[in-house]
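For clarity, chains are labelled A, B and C in written order, and residue numbers in each chain start from 1.
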C-alpha cells in the first residue's frame, strides 16, 4: 500500500516475522512464475528445431509418427475451422446476453439473477461434461432427428462432425464472451447513453450506434479469449468430431477433422517409439502454444486497458 | 437563425401522443434480446437434461449385463407385460414405443442367439448370472469368482464387466486433493503478496502473468508433466511407479492455481482500505495488518476460491488422462489412479452407443456435473455474501 | 388546438407578461424509492423565456428538470404524483411516446458528453436518428447549428476530427449544437457552465441569450450572477420544495421570502 507511515515502520528495525511473511508469500509468487517459465522454456527449447516450414505446411501420410514426413497442416486447419464456426455462434449470443444484462435487465429482478447464476454455472461445468452433452444432445438428438427428417439413408448429421464440435465449444465459451462484453459495457460512461436518449434516440438505437461501437474492444477481447480457450480444449471434442486420422482436409460442416490439441495427446500417449516422437511432439505443442498464447496475450493486454479505464472512472 | 422544418408542427404538442406501442421493431427487438439472453439458462438445463437422459436407465435399473438370463421364447411375446419385454431387451421406453411386433420379435431372436452363444465355462460362473449394473455392484465391494475377498473393481472390458465406481471416486478425490493441497497454499500466498505487499508496478506485471498460466492448454501441461515433471519428481521422492496420482495431482495444481489466485486476489483487494489504514495508524506493520486484519476479513472469499478451485480440479480431464490412468483401488498417492473424467474420456469411444457401459459413463458425467454444480453454487453464494457484507460495512 | 389549453401567464411585473405559458407543473411530487425528493411543486413557465432554477445542492433542481424530458424514467424505483404538462398535454399520460417527447425537449448536461465520434457526426447524430439522410441537408443543418452555438469559426476546418479533441468549453458548445440541431422547442440545461472557466462561461451565456429568441430554456445554475444575467424568471428551491418563483429582477432585488433573500445574498447554501 502507499501510506508513507508504512515505510517508516518497515525500515525502523529488522522485524523477523515481517521478513518471514513477505518472504514466504513472495516465494509462492516466484514459484508460480517459475512454473510458467519452466513450461514455456521447456516447450520452446525442445520444440524450436522441429518448427520448420515443412512441418507446418505438410499433410502427413497415415504414419504421422515419422519425424521426416509428418506435418501439422490438417490439424492447424481443423482447429482453425472449428474455432471459426464456434465464433459465429457464440459471439452474437454472448453479446446479446451481455447487452440484456447491462442495458435492459434490472439487477433486482429474479430472472436476471437466474441468468447470472446460469452463466456462472456454465463457466464451471467440466469440459468433459460438455463433450457428453455434445454427444447426447447434438449428435444423438439433434443430428439423428435431422437425418430422420432429411431421410438420409446413412448417418450424415447423426455422427461426430465439425459442426457439433463447434457448437459444443460455443456453449462452453458462452460465459467467456458474456463476462468480457459485460465488463466493457459497464466501462462506458452512462453520460453517453443519456446524451443519446435525450436526443430522442430509442434504447435500441442508443445501443446500436453508441454503446456497441464503444464496447468493441471488450467484445473483441471476449472473442479472442473464447477462441484461445477453445483452441486448446480437447475434452469437449473427443466424442463430438475429432478424428485420429483423416486423409483429406475438412471441407464440410458434417466432416470430421484432425485437431492440434488432440494430436498432441495422440503423439504423447500412443507413440510406438517415444524417443523418436519427442521432437515432433514438442514442435506440435509449440505450434499449439503459439496459437493459443499469442491470442491470450493480446486479450490480457486489451483487458488490462479496459480495466484501467474502468478504475479511472469509478 | 432560420427556423428549421418541423415534421409535426401543425399538430403542436399533440404529436407526443403517439402511444408507446408506436415502435413495433423496437418492441420486437427487445423481446428477442430477452429471449436470446435466456440461452444461458436453456443450456444449463439442456446439459442436465441430456446427460441425465442418457444415464437414466442406470438409475432405474433398466440395464442388464447378466450373461446368463432366463430366455423368453419369441412365441411367448404376448404372455409377458410390456415392461418386462422392454427390460429384457434393454430398450428405453421411447425406443420400445416406436417398435412394431416384428422388430421386437427379431430383437428377441437375436437376444436368444446371444444368450445361447455364452461359452459353456461361463454358465457355471456365478458372476455370469448377476446384473453388474445393479446399484449393489456399482457401489459395494463384491467377491468375484476367483478372488479371495470382496473387492472394488472397475473393469468394463472382458466377458464379465465390472462397473464398481468407488475406485474412480477414490482416484478422483486423490488426484483432486493433491492438486488442491499443492495449489491452495501457493495461490493464496501469491494472492496475499500481490494484493497486499507488492509494489503497484510488480502487481501490474505479476497479475497478468499468472492469468496467462490459465491460458496454457491442459494438453500442454499434460505433456510437461508426462515428460519433465514425472522424471524430476521421481528423482526427488524416489518412488516406484513413474506415472502416478502424485504427478497428476501436482500437474492438476498448475491448472487450478490461476483460478484460485484470481478469486482470492479479488477478495483480498476488496477489503476496504479503511480497515488497513486504521491498523497501520495504530502502529501495526504491513504483514501484521495482512495477517491479522485483511486475511480474516477476506477469509470467506479465500474459502470460495478454494471451493471453485475444487470444482475446476475435479472436472479437469486431459492432464490426468495423459499422466496416469490405471484404475486401482488405493489411497496411496504414489499409486496410479483413474479419475471420473479420465474414465469417460478414455472409454466412451469403445462403449457401445446405448449399451450399459455407455450409460454408466453418462451417469458418471451426470454425477460430475452435479458435483461441480454444487461446488459452484457454494462458491458463488459465499462470494456474494462476502461482497454484500463488505459493502454493507463500508 | 393546443392553444385552448394555454392560459395567459400571470406574471406580476415587467417584461414577460406577454408570454404564453408552455410548461406547467401541477402539484408534482417525486419519490426515489421511499424518499420524497420533490414536494408538491406547482409552477408555470412561459414560452421563449429563460427560467433559472436555483437552490442549494440536493434540493431537487436536476430532478425537476429531468421530469421535463422524462429522463427520470431511466432510474429504477422512481414514482411520480401530480402532473407535468407541456403545451397543455400531460407528458406522463399513458399514450405519450417518450422518444417523441425527447425530440422536442432537448437537454444539455453538466458534464459535457460528446460522443466519441467526429464533430460533424456528433451534430448529425440526432438528425440521422430522425431520418434526415440527404447529405446537403445534413451539411446545412450541421453548419447552422454550429454557427448558432458560436462554434463554427473554431471548428469549420476540422469537422471530421474527433470531438474529444476539443476543449471543455468547446465540447459543451458542441453539446448545445447537437441539442439544437434537431430543433427542439424546449432546451433543458443542467449547470451547463459549471465545469468551465470564466471566458468559456461568458460565451455560453451569450449563446443562451441568443437562443432565447428561438427556444424555451430552463437552466439550473449555482451561479447567482449567471442566473441574474441570463434568466427572465427564477425559481428558488429548498429541500424539494418550491420556495419562491417570479421575475428574476424581483427575486434578486426584492424577494418576498426570507430564505430566498438569505440564499441569493450568499448567506447560506
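One rule holds in what follows: contacts are C-beta pairs under 8 Å (C-beta built on N, C-alpha and C of every residue); 3 or more make two chains touch, one makes a residue touch a chain.
Model, not experiment: these values are computed from the prediction.
*Asks:* Counting only chain pairs that touch, give me the topology of the graph as line, ring, star, complete or other.
*Replies:* complete
*Asks:* Higher C-beta contact count, A-B or A-C?
*Replies:* A-B
*Asks:* Give the identifier of the chain nearest to the protein's overall CA centre, each chain being represented by its own CA mean.
*Replies:* Chain closest to the assembly's C-alpha mean: A.
*Asks:* How many angstrom lie between the CA centroids of chain B and chain C, rounded to a whole number?
*Replies:* 58
*Asks:* When the C-alpha atoms of chain A and chain B are each averaged to a single point, how far apart are the two points in Å?
*Replies:* Roughly 18 Å separates the two chain centres.
*Asks:* Cα centroid separation between chain A and chain C, in whole Å?
*Replies:* Distance between chain centres, rounded to whole Å: 49 Å.
*Asks:* Name the residues of chain A that each touch 2 or more other chains.
*Replies:* In chain A, 202 touch at least two other chains.
*Asks:* Taking each residue of chain B in turn, which ones touch at least two of the other chains?
*Replies:* Touching at least two other chains: 23.
*Asks:* Counting only residues that touch at least 2 other chains, which ones in chain C make the list?
*Replies:* Those would be 99-100, 130.
*Asks:* What part of chain B is in contact with chain C in the complex they form?
*Replies:* Touch residues, chain B against chain C: 1-4, 6-7, 11-20, 22-23.
*Asks:* Give the list of chain B residues in touch with chain A in this complex.
*Replies:* Chain B residues touching chain A: 23, 25-26, 29-30, 33-34, 36-41, 43-44, 46-47, 50-51, 53-54, 185-190, 192-194, 196-198, 200, 204, 206, 208-213, 215-224, 226-228, 254, 257, 261, 273, 276-277, 280-281, 283, 285-288, 290-291, 308, 311-312, 314-318, 321-322, 341, 344-345, 348-349, 353, 361-362, 365, 368-369, 372-373, 375-377, 380.
*Asks:* Would you pull the chain A residues touching chain B in the complex into a rising list?
*Replies:* 1-3, 5-6, 9-10, 15, 17-18, 21-22, 24-29, 31-33, 35-36, 38-39, 42-43, 92-93, 96-97, 99-101, 104-105, 114-115, 117-133, 135-137, 140-141, 171, 174-175, 178, 202-204, 228-229, 231-235, 238-239, 261-262, 264-265, 268-269, 278, 281-282, 285, 288-289, 292-293, 296-297, 300-301, 304
*Asks:* Of all residues in chain C, which touch chain B in the complex?
*Replies:* Spelled out, the residues of chain C in touch with chain B are 1-2, 86-89, 91, 93-101, 104, 130, 141, 144, 147-148, 183, 214.
*Asks:* Can you check the complex and tell me which residues of chain C touch chain A?
*Replies:* 69, 71, 74, 76, 99-100, 102-103, 106-107, 109, 111, 113-116, 125-126, 129-130, 175, 178-179, 182
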